[in-house]
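Each of the two complexes below includes subunit A, the first together with subunit B, the second together with subunit C.
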Partner chain A sequence: MTAKAHETHEVAGANEPSHGRFADPLPRIPLVWGPTDFDQLSDQIAGITEQPQPNWWWPALLVTSALLLGGVLAASYLISTGVGVWGSNNPVNWAFDITNFVFWIGIGHAGTLISAILFLFRQKWRTSINRFSEAMTIFAVICAMVYPGIHVGRFWYAWFMFPLPNANHIWPNFRSALLWDLFAVSTYFTVSLIFWYVGLIPDLATLRDRARSRTRQVIFGFLALGWRGSTRHWRHYEVAYLMLAGLSTPLVLSVHSVVSFDFATSVIPGWHTTIFPPYFVAGAIFGGFAMVLQCMIPARAVYGLSNLVTIRHIDVMCKFILATGSLVGYAYCMELFIAWYSGNPYEWQTFQDRAFTGDYTWAYWTMMTCNLIIPQVFWIRWCRQTPWFVLLVVTCVNVGMWYERFVIIVQSTSHDFLPGSWGQFYPTWVDWLQMVGDFGLFFTLTLLFVRFLPMIAIAEVKGVLPAANPDPFMESEYLKVNGQYPTADHERAAAFGAPRPARTEVPESPEPVPSFLAAPGGTGKPWGAIAEFANPHDLLVAARRTREAGYQRLDAWTPYPVHGMITAIGRSRSRLPLFTLAGGLTGLAVAATMQFYLSAYYYPIIVGGKEFRSWEAFVPIFFELTVLFAAFFTLFSLIGLCGLPRLFHPVDHHPTFRRSSLGGFLLTVEAADPQFDPDRTRGFLESLGGKHVAVVEG
Partner chain B sequence: MAAIFSRSIDAQVRQTAVGLVVAVGLFVVGWYYYALPSYTRVGYQPEQPVPFSHEQHVGQLGLDCTYCHTHVFESPHSNVPTAQTCMNCHNPKKANVKGTSSLLAPVRASFDTGRPVEWKRVHKLPDYAYFNHAVHVNKGVSCISCHGPVNEMKVVRHDQPLTMGWCLKCHNESEKSLRPVSEVTNLTWVPTAGQTREEIGKAIKKDLQVNPPMNCQSCHR
Partner chain C sequence: MSTATITNGIDTDQAFTLPPGLPDDVAPLGDRTAGAFRTLLLILGVTGVILLVGAVGETTRRQFFHSYLFGYVFALDICLGSLFWILIHHVADAGWSVGLRRVYENVTRAIGPLALLFLPLVLGIYSGNLHQWYDLISQPEPAFGSHEHHQWQVKHLYFSIPFFLFRLGIYFGVWVGYATAMRRWSLQQDAVGGAALTRKMQQWAPSGVLLLGLTATFFSFDVLMSLQYSWFSTIYGVYFWAGALRGSLSTGVLLVLILRYAGYLRNTITIEHLHDVAKLMFGFTVFWAYIAFSQYFLIWYGNMPEETQFYLLRRNGGWYNASILLPILYFVVPFFLLLPRANKRNPVMLAVAAGWILLTHAFDLYWQILPVLHQGTIHLRLLDVAAPVFMSTMVLLSALRGFQRSPLIPIRDARLNETIGYENETP
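Then we have the complex of A and B:
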C-alpha cells in the first residue's frame, strides 16, 4: 500500500526523499502516539462518555455546583436589592464586575485561536485539543455574559442593549464602544457555538452509532441530525469548516480589541492609549492558553489521554504562553515608558501611583511577576514538558491575568485627574461570592462537558492518525536514525509503541447479511447496494473503479473526510462559499441600513460632536454583523446542501452500516443510477473486494 | 440491525420545525400587538365616582376646557377642578341645576367637607418623564392631540398611547399638530378654508419659535 493519494504526511518512516520537495531531516513524530487506530480511538474517546465516571467526578461536581449556587445567590441578592450591594462606588464604578467580565472573555480566546487560526495555518496538532478549548471558549463567554446582564441593575431591562423596536422608539447608540462590545461578544459567542456544533456533528454521529440504550440513541440521533459520513456531505462540511475558520480568525482578534475600546475610547489616564487592542488580544490568548492547560492537564491525566494530548502538545502550548506572555510583558513596559515619555502629567502620575507609590502597587507587581517573569521559565525544555510544573505556572498566569484586568480597571479609576476624587475600592462579600460563582459555573459546565460529550474531536483526529496516512516502516527502526533515537521526543513517542498498520480485512458482521435487506414500511423497490471495505485506500480504489465502470450515483461513507474521495465519487468542490459570501453581504447591508437609518434619519442625535452620517464609528458593527450573518448562512447552507436533518435513511437497516462513523469504510451505488441492477451491481461490488454486500429496500 | 428512527421521522421533524417557526412568529406578532401601551393603555375607561359627562358639558353646553381646568395655560400641571367649580351651577342654594340629584351627592359632600372627590386618574405619566402642560398649549398644541375628542366622551377614556415613541413622533413633526393658540381648547376646530393644517402649523411654528427638543434630558431631568 502506498500513501501517494494523500497530500499530508504526519508520519514518516525512515528518511524518504519522496516526501514533498525536501526530505525531513529526521523521522517525523506522529501526532498521535502508540498503536491507536480508528476503532480504538472511537473507543477511547466515546468510551469516556459511556462508562461510569471516575470516583472523583461526583464530589468535584458537588463542589463546583455549590460554588455555582453561591454565584446564583449573589446574583439574586443583587437583582432583588440593587447594584449597591457591590463595592463599586465613586470613584471606582467599575470593579469586580468588569474585571471578571474581561477576564472570562479573555479566557475564551484560546479556543477560537486553536480551532480557527491554527486550522488556517494547518497546524494539525490542534485536532487533539480544539474540541476542549472550543468548549472552554463557550463556557468562559457564558461566564462573561453574566455581567452585562446583571450589572445594569434592573436586569429585566437588559434587552434595552439590543436594537429591538420598542414603544419608546429609542435605539442603542451605535457610536458607543459599549454597544460595539455587546455586538462583539454576542457575535463571538454565537459564531463559536456554531463552530463548535459543526465540529461536533460527526462525533455526535459516532456517539449515536455506539449507543446501546434507546435514550442515548435518540438524543444523539437528533443532535447528529442524521450525519452518516457521506462523502457528498463531507465535501460541503470541509468547506463549511474552512469558511467558519476564516470567519472566526478576524473575529477572535476583534473581540478583545473591541473590549479594549471600552477603556481606550474614554479619557481616563491609564485607559486612553492606542496600545490597548493588540495588548488585550495578546493577553487574551495568553490567559486562554493558560486556562486550556489548567483544565487539560488534569483531564489528560485522569482519562489517560497522553497518547492523544502528548507531551509535545503541552510543549507547544507552553511556547504559545511564552510568546504571548512576552508580548504582554513588552506592552506593560511600553505602557509605563510612554506614560513617562509622553510628558503627560496625568498619565505619568497615574502610572507612578500604579507601579511605585499607590495603594495598588501590590496588585501591579503580582501581575508583573505572574505574567512577565514566571512564564519565562518556559525557555527551558524541562519546564515545558513536566505537566505538574506546567500546571503550577499556568495557575500563576491565570492569577496574573485576573490582576491585570483588576489593575487596569480599578487602579485607573481610583486615581484620575482630580486628587479630590481619588479613592479606593473595597469589595463586598457579594463581589467575592459572585466571582467564586463564576468559577463554579465554568467548572460545572466543564465537568458536564467531559461527562456527556467527546472532549477530543474524534473525526478530526482520525484524519491525522498514522492509520489514515499509512507509510511503510520497519518495526525495529521506528523513529530511529541508524538505530538511534535522534531526540528525546522521538524516544518518548516510540515508547508508546509503533502505529498499527491499517487493517486489510473487513471485520465480521454481528449478524448475517442477506443479499436483499427488506425494510419495514418500505417501497418494495431497492434503494441501492452497499459494500464495506477494509480501509480508506481500498475504498478510494473501489470508488474510482465504480466510476470507471460507468456508475454515476455512488457515494462513499467514511468516519473522516478522506482525501481524494470527493473526486473519486465524481463530485467537485462545494459551492457553499457562495452562500457564505451572500451571508456576509447581507450582514453588511443590514448593519449599514440599520445604523445609518436609525442614527441619521429615524432619531438623529449628536454624539461626540460628529456629523449624523459619520460612518467611522459604525465600522465595528459592520464587521460584527457581516461575520454573524456569514456564519449563520454557512451553518444553514451546510444543513440545507446536505439535506439534513435526515434522521431516517434506508441504509440504516444494513447490519454494519453504522461503522461509517466509527472505523468502517462503505460504498453505495443507488438504484437511481441508470446502470443499476440489483444482482449485477452486487456482483460488481463483490468483485471489487467489498464485503457484507447487500441491496437495501428504499 | 434496526434503524433508530422510523421512516416517518423526517416529515415529523420538518412539520415540528415549521410549527415552531409559526408559533414563535405568532408570539412575536402577538407580543407587539398586545403587550405595548397602544393596547394595554388605550381604551382605559374607569367608572368615576360621579358620572360627569364631558360630552354634555363641553359638547352640548359649550363649556371651555379652561372653565374647569383653570391652570392649564399657566401651570405645568393641568388641575382637576374642586367641587367649588361644580357648585357654581349645581349648588342647591344658588343656581340649583340638578341641585338635589343623587348622582351629585359626592360633589356636595366634597363641597361641605372640603375633602376632594376621589376621581380615578386616567392619564398618568411616569415620575421620570417631565411634562409641562403650559408649554404645550401656549405653543398651539391642542388638548385633543393628547386627550382625544373629550367633547364626545360620556366617560373619559385613555385615547392615545402616551408612550415615549408617541411623544417623539410629534416632536419630530410638530407642524402637523399645531394650531392657533386661541383655538387650542376648541376641540371642533377645522382649518380655515384654503389652508391645510400643515401650512397653518408651519406658520405657527415659525411665529412662536416652536422647537421641540429631542434630547433625553428635556423630559428625563
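Then we have the complex of A and C:
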C-alpha cells in the first residue's frame, strides 16, 4: 500500500484553517464524491444541455404535453360555458380549484426553502439541489396561478383582481384575504424568478463560454449579461444573493400564511384556528421536499448524477421530510386537541365528523396515514438511503398533501352550521381533467428545463468541491480513522474514489498567446495585462503580492467566489444592502399610502365590521410590497453596481480568458493603474508564476 | 497539561486532560469564582426571603403565586430553550457551535432544581390561588346544555388532579432526562474523546427535539393558556416556544460576554461565533413577531367572543398601553438593533440587544400572566421583581456551578477543529 500525501492548499492566508490541530475522529464527508474537479463539473452539468437528450425524453414530453392539452381543453370548456361545469356546489363552493391551487403553491415552497433558508443556515449540501428545486418552485407557482385566472369563469374580468378601480371609482377590497393572496403569490413568483435568475447568471456565462454554435453563444451571451467572474462583481453578487435569501426567507413563510388566511380569517369551524399560518408553511415545505425528491431521484438516475446528488443528499432530504411531516402532524394534533379542549360544540362536531363519523373520514385517514404515519419510516437509515423506497414514500406524501387540502376545504364546508345546508361534493370530469392538465403543465416545464438549462448550480457546486477547500489526507487513509471507516456513509463516499488534488500547472492555451493582443477596432492603447494561474490558492497569493508591489487597479476572475479574494484585490464589503433597505422602505411607504388612502379616505367601505383605518388587515400587503420593492432594488443595484450588461470587453480577446467561467483563475492589472507599464507589469506577473501573460488592447 | 476531575453531581468522577493547542485556558473555573458564587447566593437568599414573606401573608398570597409563576416560567423557558439548542446542535451535526454548547449544557443544570421549585405552584393551584379552572372542576356538574356545562364536561376530565399531575411528571421527566443525559455524555467525552459519544448524542437528539416540542407545548397549555381556561389558541405552544428560544439565545450570549469580560474564552468563542448567534437572535425576533401577529390577527379578524377575551382582558387600564408597547419593545426595537451587520459584530451592542430581549421577554410573560390577577390595570409589586430575580439567580447559580466543575468548552469534541478559529463566511 503506497501512502501518498496530497499537497495542502490553504485557501485563507490570514486566518489559516485549523484543520488537523486536534484529533478528528469523525472526518467530514465531502459534499461531492469522487475525483470531480472544476472542468469536469462544468462538462458533466453543461454537457446535459449540449448533447442530444436520452431516448425517453421525446416520448415523455409527448405524454406530458398531451396531459397539458387536456388542461387547456378543460379550461376552454369552463370559460366558454361557465363554472357550473365544475362539481362545486352549495355548500361546497370551493373544491378542486382551491385544493389544487393550494397544493401547487405548497409544492412551490421547497425551492425557496432550499435556496434561501438553507443558504442562511450555511447548509452547503443545498448547492447540489437548489437549482432544480428553484425551477420547480417557479413551475409550481405557474400551475397554481392558473386557478385564480380561470376560477372566475369569465377570465376577461381577471383584471378585477388587480389594484385598479373597476367601476364607479371602487377599488378592490384591501381587507380581503383573496387580494392579499394575489399580492403574496405574485410577489413570491417575481422574487423567486429574480433569485433563480441571479443564481443562473454565472452558469449562463459557463454555457456561453462552452458554446460551439453562434446561436447558443448569442443567446447565452445576452442572458448572462456579460458575466465574466470578476471579483469586483462577485463582491456585489455575494451580498446581493445574501440579501435575496434574507428577503425570501420571510417571504416564503408569508406566502403560505396568506394562503392560510383565505380560510382562517373566516369563522367556519375547521378553518378558523390560529395555528393555520405556521401549519400551512410546514405542510408546504413538507410537500415541496417530497416533490423535489420525486423529480430528483429519477433525474439523478438517468443523468448519472450520483456523485453530485449523493445518497447523503437524499438521506438529509428524507430527514427534512420526517421533521416537517412531524410538524404537520403536530398541527393536526393541536387542531384536534383544541377542538375538544375549547368546549366549542361546533368546532368539535366538525372534527368528530372529520375523523370518526362523517362522509370524509376516508380522506382524513388517507391524509393522516400518508403525511404523519408513513414518513415515520425515515427514522430508519435504510429507508432514507434506498432511492426506490424513498420514491415510494414521497409519492405517498404528495398524495397525502393533496388530501390535506381536500379535507380542510371540502370537509369543513360540507357541513354548515345548520343541517339544512349540509351537502357533499362530487367532482366532474372537467375537475379531473383540469387537475391532470396541471400535472401535465408542471412536468412539461420540468422536462424543458432539464433540456435547456443546467439543472445543478455549477458555480455554487464549484465552491464546495474538495478542490476548492483542500484538506490534507493520505490516499489510502481517505475518510478512515485508524484504518477504519467511522460510519457506513464514510465507506460509501470513499468508494467513489478520493478527490483529485487541485492542479498545479496551467493547461496549455489552444493557440499561442502573443505578448500584445490587438483588438479589432481597438483604441491602440493597452487596456491592461492578463495572467492565468493554476488554482485559487496560487491566484490568491498572486493577487496579494501584486497589491504588495503597489498596484491598485487589479481584478481576479474566477469561476466561483473565492474566499478572501475581495480583500486580496483591495476591496471591502459591498454597500449594496443600503439599496435593499431603501427599496424595502419605499415598498412599505407605497403599500401604506395606497391602502390607507384608498380604503379610508378615497372610497371608504366598511368590510367585516372593521374600522376604515384598521391597520391589521393591511399588514399582509405592507409586507409583500416591502419585499417586492427590496428585491427589485437589490436586482437593479446589483446590475448597476457591476456595470452590467457588458457584452463586449477587451479581455475577451485573450485566448484562455473564457476559462474564467469554467476552471481557470486569472488576474488582470489595468493600464489605468499609475504603476502600469506594459513590459514591466507583464514581467512582474510572469515572475509570480502567471502563465499565458499578455497585454490586451483597450 | 493540567489534570482535573469532573464532579458533575450526576456522574462518577472522571479524569480529563486538556488537549494541547487550545487558544485559551479552559480549565474549570473552580474556586476562582467563589466570590461571584457567594454574591449570587446572597441575592438568592434575599429574594427568597421576600418571596417567603409574600407567601405567608394572607393578603399577598394570590399575588405571590402569580408573581412566582411569572418568575418561574421566565427561568424555565430559558432552560428549555437551552436544551433545544443542545439537541439541535447534535441533530444538525454542527461544528461551529461546539464551544457554545457547553454554556447551554451548564444552563440546563437548572432544570432539576426548577422541577422541585414547581411544587409551590401545585400548592397554589390546589389552594385555589392560581388557576380558576380549579374552581370550575371542584364544583358539581352544572346544568346540562348550559355554556358552563360545555366547559365543565371537557375541563373536569383534562384538569382532573391525577391526570394533571401525571402529565407534569412526564414533562419534567423528559426534560431532566434529556438534559442530564446530554450533559453527562458530553462530560464523559471530555475524558475519553473519540466519535462514539458524539454519535450517541446524535442518535438520541432527534427524539429529544420531538418530545421537548410536545411537552413544552402542553406545559404552556396547562400552565399558561389555562389561566383563562375558556380561552384557547392552537398556536399558543409555538408562541411560548418562540419566546423560549429568544430568551435562551440572549442568555447564552450574555453568559459568553460575561465570561469574555472576565478574561475567559476570548480566543475560543470569538465575535465570529457571536455574530452567528446574533443572526439567530434576529431571525427569531422576526419569527416571534410572525407568530404573535398570526395569533392576534386571526382572532381580531374572526372576532368571536370566546377567542377575543384574551385580548379584551389586556385592553383594560394600563394593560392597554402595555399591549401596544409589547410589539414595539419586543419586536421593533430589537429588529433595528440587530439588523445592521456592524451591531451583530460589536460586543457592546450585542450585550445591549441581548439584555433588552431578556427584559422584554420578561415583560411579555408578565403581560401574559398578570392581567388574570389585576384585571383592571397594572399593579407592579415587589414580588413581581423578586420572583424573576430569584429564579434567574437559581439558573445562574446552576450554570456557574457547571463552569466551576467542568471545562469551559467540550475539550475533546469530534468537531473541535471547526469551532476553534472558526471564521464566519457570511459575505
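Quick notes
The working rule: the second predicted complex is superposed on the first by the 670 of 698 C-alpha atoms of A that agree within 3 Å, B and C clash if a C-alpha of one lies under 4 Å from a C-alpha of the other, contacts with A are read in each partner's own complex, and residues count from 1 in each chain.
We adopt the following convention: contacts are C-beta pairs under 8 Å (C-beta built on N, C-alpha and C of every residue); 3 or more make two chains touch, one makes a residue touch a chain.
None of these values were measured; they are calculated from a predicted model.
Of the two partner chains, subunit C is the only one that A:Glu335 touches; subunit B does not reach it. Using the contact criterion defined above for the overlaid structures, shared-chain residue A:Tyr478 touches neither subunit B nor subunit C, since it reaches no partner.
Looking at the shared chain after the overlay, A:Tyr560 reaches neither subunit B nor subunit C. In the superposition on chain A, A:Phe406 makes contact with neither subunit B nor subunit C.
Residue by residue along subunit A, subunit B and subunit C are tallied for touches, and C comes out ahead.
In the superposition on chain A, A:Phe320 makes contact with neither subunit B nor subunit C. Contacts of A:Gly608 after superposition: subunit C is touched, whereas subunit B is not reached. Those residues of subunit B whose C-beta lies close enough to touch subunit A in the complex are 1-10, 13, 32, 36-38, 161, 163-165, 168-169, 214-215.
Within the complex formed with subunit B, the subunit A residues making contact are 165-170, 208, 217-218, 221, 226, 510-511, 519-522, 603-605, 645-649, 652-655, 657-658. Subunit C contributes residues 19, 21, 95, 150-151, 153-155, 158, 193-195, 198-199, 206, 210, 213-214, 217, 221, 230, 232-238, 279, 283, 286, 290-291, 293-304, 306, 341, 412, 414-417, 420-421, 423, 425-427 to its touches with subunit A in the complex. Here subunit A touches subunit C in the complex through residues 12, 15-26, 28, 120, 122, 238-239, 241-242, 249-250, 253, 257, 261, 264-267, 272-278, 326, 330-331, 334-335, 338, 340-345, 379, 481, 486-487, 561, 563, 573-574, 577, 608-609, 616-617, 619, going by the rule given at the top.
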